[in-house]
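Heads up, the next two complexes both have chain A, just with different partners, chain B and then chain C.
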Partner chain A sequence: MLELNSVDAFYGQAHILHDISLSLATGGRLAVLGRNGAGKSTLLKSIMNAGPRVRGEVRLEGELLDGIGASDRVRRGLSLVPEDRRIFTHISVKENILLAQQGTERKSGLPTLEEVIARFPLLRDLVNRLGGQLSGGQQQVLAVARAIAARPRLMLLDEPTEGLAPVIVEDLAEKIVEACATYGIGILLAEQNLWFARQCTSRVLLLDSGSLVFSGDWAEFDASTDLVERYLAV
Partner chain B sequence: MNRIASIALLLLFAAFLFAPYLVNPGLVFIAGFAMIEIVFALSWNLLFSYAGLVSFGHAAFFGIGAYVAAATLRYGYDIHFILVLLICAVLGAVGAFLVALIVLRRASGIQFSVLTLALSQLVVVLIGYSDYFGHDEGISAIPRPVMNFGLFTVDLNRPLANYYFVLFVCLVAVGLMWLLVKGHLGRAMQAVRIDSERAEFIGIDAWRIRVFAFTISGAFAAVAGALLAPWGQIVTPEYVNWLHSAQPIFATLLGGAGFFWGPVVGIVGLSALNYFTRTFTGLSEVLVGASLIAVVLVAPQGILGTLRQLAKRRKGPVKGGHA
Partner chain C sequence: MTMLYLYSIFNGLVLGMAIFLVSAGLTLAFGIMKIFNFAHGAFFMIGAYVAYAVTGQEASSLWIFLAAALIATIVVGSIGVLADLTIFRRLAGVPADYTLMAAFGIMLFCTGSTRIVFGQGIHAIYPPAILGGIADIGIPISYYGLFIIACGLAVFLMLEIGLNRTWLGKQILAVARDPWMADVLGLRVRRLKLISVATSFALAGLAGGLLVANQALSLDLGHSYLLLAFCAVIVGGLGSIRGAFIAAIIFGLAESLNSVLMPTMPGISSYALLIILVLIRPHGLWPEQSQ
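Now for the complex of A and B:
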């Protein structure tokens, strides 16, 4: 479904990503690990065309996404839940979800508002509350729920556990996996929380200083005992 | 919108509805102008409070409607005035669409605002060269139309019919704008205003939404202009000039930016201020200016914003957002 071939990404003169290639099948779930500054967020933004200047091929369902803006990529089935959540604080939880559904080209098979709320019961009593009146954890749940409401082909999650209480993290992992399995949504997760990444994905990709240093499943990752020490330890 | 503001708006509506029976013809004439300016200001506010665009040249679209309607009536083209209103709306929309297409591709923020100002002043210059549009004197002695609707006719030469026709068209325009901002397009416009990048992340094409908002706004501004021709019976380049473009800005600041009804309150306030200071020769503009400075300094959220704050203080936190 998603294919990156020799992708380089730049912010101005700064060369952030170096020759990244990856492929993800329909409904596939891939974690992108790495230290702060390794290039995880830049990779997700490069796929979305949301900031960095990108060289190389990004394809979705075989279609080359060259020159296609972020909003059009969303309509083609990509959805980014950015690090800072980016929910709309001036409108209600319900309107945030409806707004996301408005932005997709998919006209049928979208979950109803009730279905979305049923999947994320934390939002049940907050439906009419303004986004800005939610706690950080509630905002994160809303950001994920909003992405799932648009039923993308692939959901890109940028460190969704950052700043969340452990109990919310556990619940969020369960809800994401359930919802993505139900709606056939693939996951590309940039994350530092190994436990969360394991729960949500089946394969792992490791970045270091913008370069790919490992790609495989979790068993292979665990078998390479020095990876955590070399590339993830602070 | 809190209860006090709702009651105030209802009272305002009642005042417009019964004005011909309550006040002298001079005030009724001012009320008609105020209604037209309300539609114009609301059309500008669609851009500012919803799409996050500041146009300094919105009077150009008002002028398109005013001059096309004036020329149609003055030169005796046999076109039903309702059709004239629709033509003006389409011309305003097309003009705004072309401007948006050119300007929004290249500019945003203050550059966008200045370019809209430059384009509107260009329209003023072009009118100045035009025999058809009466040069700097404009088009005067505009006859009022008689509209045949089959079962009945509406003769705008009758003062009551004229007033209620303007009121009716303004109510329809305000209603349509209200429906627009409360619907999903309104939500998308607000999303773009708050954070266009965030909007892009959920599939909203910020550029298209801005072009759409500008186009619709131009259409409503042109309809307001078209109503002016039979109401005022004179259209001059003053209505296209930058000072007229500033009117909706002042009204929105006075009434409350970020509120749908803000410009309505603002126009009524400005009209009242103009009326009560009309005898102070040379002082009227000073007083209007001083009032605006006072509002910006003392109540930067405008009248509705201040009312909302007062309500919040009295009742604790209440649901905010666009009233």
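Now for the complex of A and C:
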């Protein structure tokens, strides 16, 4: 479904990603690990065309996405949950969800608001609350719910566990996997929380200084004993 | 003596509403483009000239006067669409300084074109007869002043409701506050910006059409309110309609009372207020939070 061939990404003159190639099948679930500054967010934003300047091929369902802006990529089935959540504070939880659904411009096939809320019961009592009145954790859950409500082919999740309490993290992993299985949503997850990444995905990429240093499934990851030590330990 | 104060308070309210009419579009444009649109005063002036072209020196009825203001709104709003499509949109990705310079260029262009079309002269414009009268309730209250107050309130309410209660308005605010996320959610950001810029310009045209009476209409008209409108936008909180409304009234009252209390030092209290209010509320009286 998603394919990157020799992708390089830049911020101004700074060369951030080097020669990244990867592919992800429909409904596939892939984790991107790496230290702070490794380039995880840059990779997700490059796929979305939402910031970095990108060279190389990004294909979705075979279509080359060259020159297609972020909002048009939404309509082709991508959805990004950014690392800083970016909930709109001036509108309600419900309206945040509706806004994301409107962005897809799809007339059918989207989950109803009630279905979305049923999947994320934490939001039930907050439906009419303004985005700005939510706690950080609630905003994070809303950010994920908002992306799922758009029912993308592929959801790009950027460190959704950052700053969340451990109980919520556990619950969120379960909710994400369940919803994505139901709606046929693939996942590309940037994470530093190994436990969460393992729950949500079946394959792993490891980034270091903008280059891919490992790609495989979790069993292979565990078999390469020095990976965590070399690329993830602080 | 009390009567004198009451009279100057009434005048202050009228002036405040006039300032608000000019600053409404200015602060809306700031919210979207993050620049002070220097061309705003020029578009205000064009609105006034368009209304003058429709009505002549004195509109023959209130309806003609209102129709002229509406035509000014539409004409200047359409120029806003053109300005966005040909200029502002292209500058979306570059530093804001360029947009600022473009706005300055547009201002010069507008003043120049207006000079070519309407000439250098100064025209005295009167309100339609029905608004020309004065009610004496102890102090002389001009109908035109009351009319301006009503217009200011109506524009304020329309913007408040339009931006905060309608779905389109909420989307426009989403783009103003976080254009990046709006884009990433799939919103039609360019279209929403176009609507906002056109609305901002249309408001300038409307203000020109409404405020043209009792003014000496000349190429300098844009400057007359623009300075106070800038003050209101800054003090109100950049991009905030409510803030601009409150600040405009404060500046209107200050100007008017100033002319009674300190007639030898015109305008001094506005400058003092600007400095004091910016010192104590640097983000404005009613800051527009952004992300």
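Operating definition for what follows: the second predicted complex is superposed on the first by the 233 of 234 C-alpha atoms of A that agree within 3 Å, B and C clash if a C-alpha of one lies under 4 Å from a C-alpha of the other, contacts with A are read in each partner's own complex, and residues count from 1 in each chain.
As a convention for this text, a residue touches a chain if its C-beta (ideal position, glycine included) is under 8 Å from a C-beta of that chain, and two chains touch if they have at least 3 such contacts.
Keep in mind that what you see is a predicted model, and the values were worked out from it rather than measured.
When the two complexes are overlaid on chain A, chain B and chain C occupy overlapping space and clash. When the shared chain is aligned, no partner comes close enough to touch A:228: not chain B, not chain C.
By the document's definition of touching, of the two partners only chain B reaches A:130; chain C does not. When both complexes are overlaid on chain A, the residue A:113 reaches neither chain B nor chain C. By the touch criterion stated above, A:74 is placed in contact with chain B and with chain C alike. Of the residues of chain A, those at positions 48, 50, 69-71, 74-75, 80, 82, 86, 88-91, 95, 99-100, 102-105, 146, 150 touch chain B in one of the two structures and chain C in the other.
Put simply, chain A touches chain C in their complex at residues 48, 50-51, 69-71, 74-75, 80, 82, 86, 88-91, 95, 99-100, 102-105, 132, 146, 150. Touching chain A in their complex are the following residues of chain C: 164, 170-171, 173-174, 177-178, 180-181, 183-189, 289, 291. Interface of chain A with chain B (complex): residues 48, 50, 69-72, 74-75, 79-80, 82, 86, 88-91, 95, 98-100, 102-105, 130, 146, 150.
Considering their complex, residues 184, 187-188, 190-191, 194-195, 197-206, 319-322 of chain B touch chain A.
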